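Common to both upcoming complexes is chain A, partnered first by chain B, then by chain C.
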Partner chain A sequence: MAFEAKSEAGYTIVSMDETRLDASISEPFRLYLFDQIDSGSDQMIIDLASVRFMDSSGLGVLVAALKKMAGQGALKLAAPQPAVEDLFNLTSMDKLFTITPTVAKAIEG
Partner chain B sequence: MDILIVEDARDQRMMLAVVLKKQGHQVFQAADGHEALDVLAQHPTIRIVISDWMMPNMDGIALCESIRQSNIGRYVYFILLTGKSDRQAMVDGINSGADDFVNKPVDFAELNARLNAGIRIIELKAALENKIQTIEKDLESAAETQARLLSEPARIQQVDFNWYFKPSRILGGDMFGYHALDEQTLSFYQLDVAGHGVPSALFSFTLNNLLREGSSASLLKEALSGPPFYRIKEPDEVLVSLNDQFQARPEAMLYFTIAYGIINSRTGSVTLSQAGHPPPLWLDARSRTIKKVGGGGVPLGMMPDMTYSNVTFDLQPGDRLFLYSDGVTECENSEGEMFGEARLESLLADTFDHCVADMIKKVEQSIIGWTGADVFIDDVTYLVLEWQP
Partner chain C sequence: MTDDQGQTLRLEIDSDLANTTLIAMAVRGLCAMTALSPVEVNRVELCVVEIVNNAIEHAYEHEKGHKVEVAAHLAQSALTLTVSDWGKAMVKGKLESASMPIDLDDPALWLDSGRGLPIVQNLMDSVSYHRNGDKNSFVMLKHIKS
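Let's look at the complex of A and B:
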């Protein structure tokens, strides 16, 4: 599993080389995000462009990161693909996150 | 330890046997690979094989490969005897599954040390197997407990309830139930704790206990000081209380999705609220159509101070509600394609002439036909209720 973080316009942008964000990689992904938060990233964008499928464990990790930030800073989700977007709709994730169609949109506002 | 010596040179075999017997081992002997396989089959207590390489009929490497490929139900520690200069034989031997090797002529102190290493590994493996067995037994007994917690298919106050439940692996995080709250109101729910295994199952047990609580002051009812001394809480109120009570820690995101509803068994009026659960399907018997009811809602345990909404509608006699977990629609076929909502809905559209039990069977057969197996990656649960006044 490969996760990657880069800095751009004051944001830490996390992307991954994975098509499935599920139970098999949710724990390493959680540790990776927590590391980013512990090392001071408080403006984060998670780029989901590569993810074709997300299960409840994957969703749990995104919310875990949000809970860990505990209201300090911002966590945005960018570029959800159709199946992931369906999951976000089913679980009303727009109530918890700013969700944008692209990373560029997330940076803009 | 029971040890098998495989060596075609009779004098060398006898000498090895004598030495090993002196050290307290039970020793078996064979003159080639074929004989060795027979002896192994007859004596399941043999855990170590010391074998020469060059032998007629079946040599040491072939014997080792044959043992590794067979299903003898136990691990056999394999020590290969090789010529001193034959480094390639040692590499070939270990590549074909040998655990260790000893140079010929045999140095008995070295053989003894290597035997002890083998015995340590065998004992570690036995201890591990023992522990796994204990854990599996515990899991099985937890699964039995879970099965006992499930409500029996039943007719309660003119409402028929029936279901299908298949946990992934042994233990699942899905749960469902239905109970009378008073003489005309029934509650029903289907929930799905994220993840699988022991933590999810234990959490689902806890939730199940809370949701079947029927006393006057509870999660589901509010106590009043005047008659009738209780008020049945609206489904959205129940979800808000559950959400406040079970906030997950970021390190262990135990959250759950749920569809919770109440039905008036006299009028057929249903009020339902959901938190991130697939929308229940309303099977309208008169128009023979299928409608999704409600939807959305942040799963419970994710964030405090969430609100949920109710949806209210009236069933007609013979109407059904189909509540399900995402394990149903996310079942994949051999190409990785999911069963999906559209397929589920069109399947249910063909069940209006079936009784509830047959409908449940039909959906089960369809999912098993889709996946090609009756072991599922996720829990598969659906709960069906029919109002039949």
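Let's look at the complex of A and C:
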């Protein structure tokens, strides 16, 4: 599994070389995000463009990261694919996160 | 195609979370033979993954080397998925009490786990859980509108 972070316009943009964000990689992904937050990333965008499938474990990691930020800074989700967007709607997590169609839109604000 | 009696496909994986993708892809393939919409196919995939995850994480407590079986029964009007394990049974009443409350103003209530069962209950037309001897089976039914 490969997660990657880059800095752009004041944001840490996290992307992944994975099509499935599921229980088999949720723990390493959680550790990666927590490490980014512990390293001072408080303006974060998670680029979900490559993720075609997400289960409740993947969703749980995003919620855990949001909780860890404890209202300090911002965590935005960008470019969710249809099945992922459906999961956010089904669980009402679309109300919890700022979700944008592209990373560029997330940066714009 | 299937006749009125339907046809059953049995799949078996070792209790390793990395193997759930195999089940997911097989179930997607089966769904492609039906009139389920792309959104419904995605949702059926999500449900089967959630329940297989549950079997591995809770029935077998993440221990590899155990059998998880998925029986997919496809008939004209419904797809029935039965996920079975031979591990620890689900706590009685857990299925009935599954819910996913959300309070946007209280981060303490933002659950980072426990959404699997309520998602499945919400998306499937019926769900049930049975223990027969040492075999636990979670049964999910999705109606197919032609």
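We take it that the second predicted complex is superposed on the first by the 109 of 109 C-alpha atoms of A that agree within 3 Å, B and C clash if a C-alpha of one lies under 4 Å from a C-alpha of the other, contacts with A are read in each partner's own complex, and residues count from 1 in each chain.
Heads up, the rule we're going with is that contacts are C-beta pairs under 8 Å (C-beta built on N, C-alpha and C of every residue); 3 or more make two chains touch, one makes a residue touch a chain.
Note that this is a predicted model, so its numbers are computed, not measured.
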| item | value |
| --- | --- |
| Side-by-side fit of chain B and chain C on chain A, or clash | clash |
| A:P82 touches, of chain B and chain C: first, second, both or neither? | second |
| Which of chain B and chain C A:S50 touches, first, second, both or neither | neither |
| Partner with the higher number of touched chain A residues, chain C or chain B | C |
| Partner chain(s) touched by A:G60 [first = chain B, second = chain C, both, neither] | both |
| Partner chain in contact with A:T91 - chain B first, chain C second, else both or neither | both |
| First (chain B), second (chain C), both or neither touched by A:S24 | second |
| Clash with chain C, by chain B stretch, listed 2-10, 110-118 or 344-352 | 344-352 |
| Footprint overlap on chain A, where chain B in one structure and chain C in the other make contact | 23, 55-57, 59-61, 63-64, 66-67, 90-93, 95-96 |
| Residues of chain A defined as touching chain B within the complex | 23, 34, 55-57, 59-61, 63-68, 89-93, 95-96 |
| Chain C partner contacts - residues on chain A that touch it in the complex | 20, 22-24, 53, 55-57, 59-61, 63-64, 66-67, 70-71, 82-83, 86-87, 90-93, 95-96 |
| Interface residues, chain B side, partner chain A - complex | 192, 194-196, 248-251, 253, 255, 257, 276-278, 295-299, 302-303, 306, 326, 330, 378 |
| Sites on chain C touched by chain A in the complex | 17-18, 20-21, 24, 38-39, 42-43, 45-46, 49-50, 53, 56-57, 100, 102, 104, 107, 110-116, 119, 122-123 |
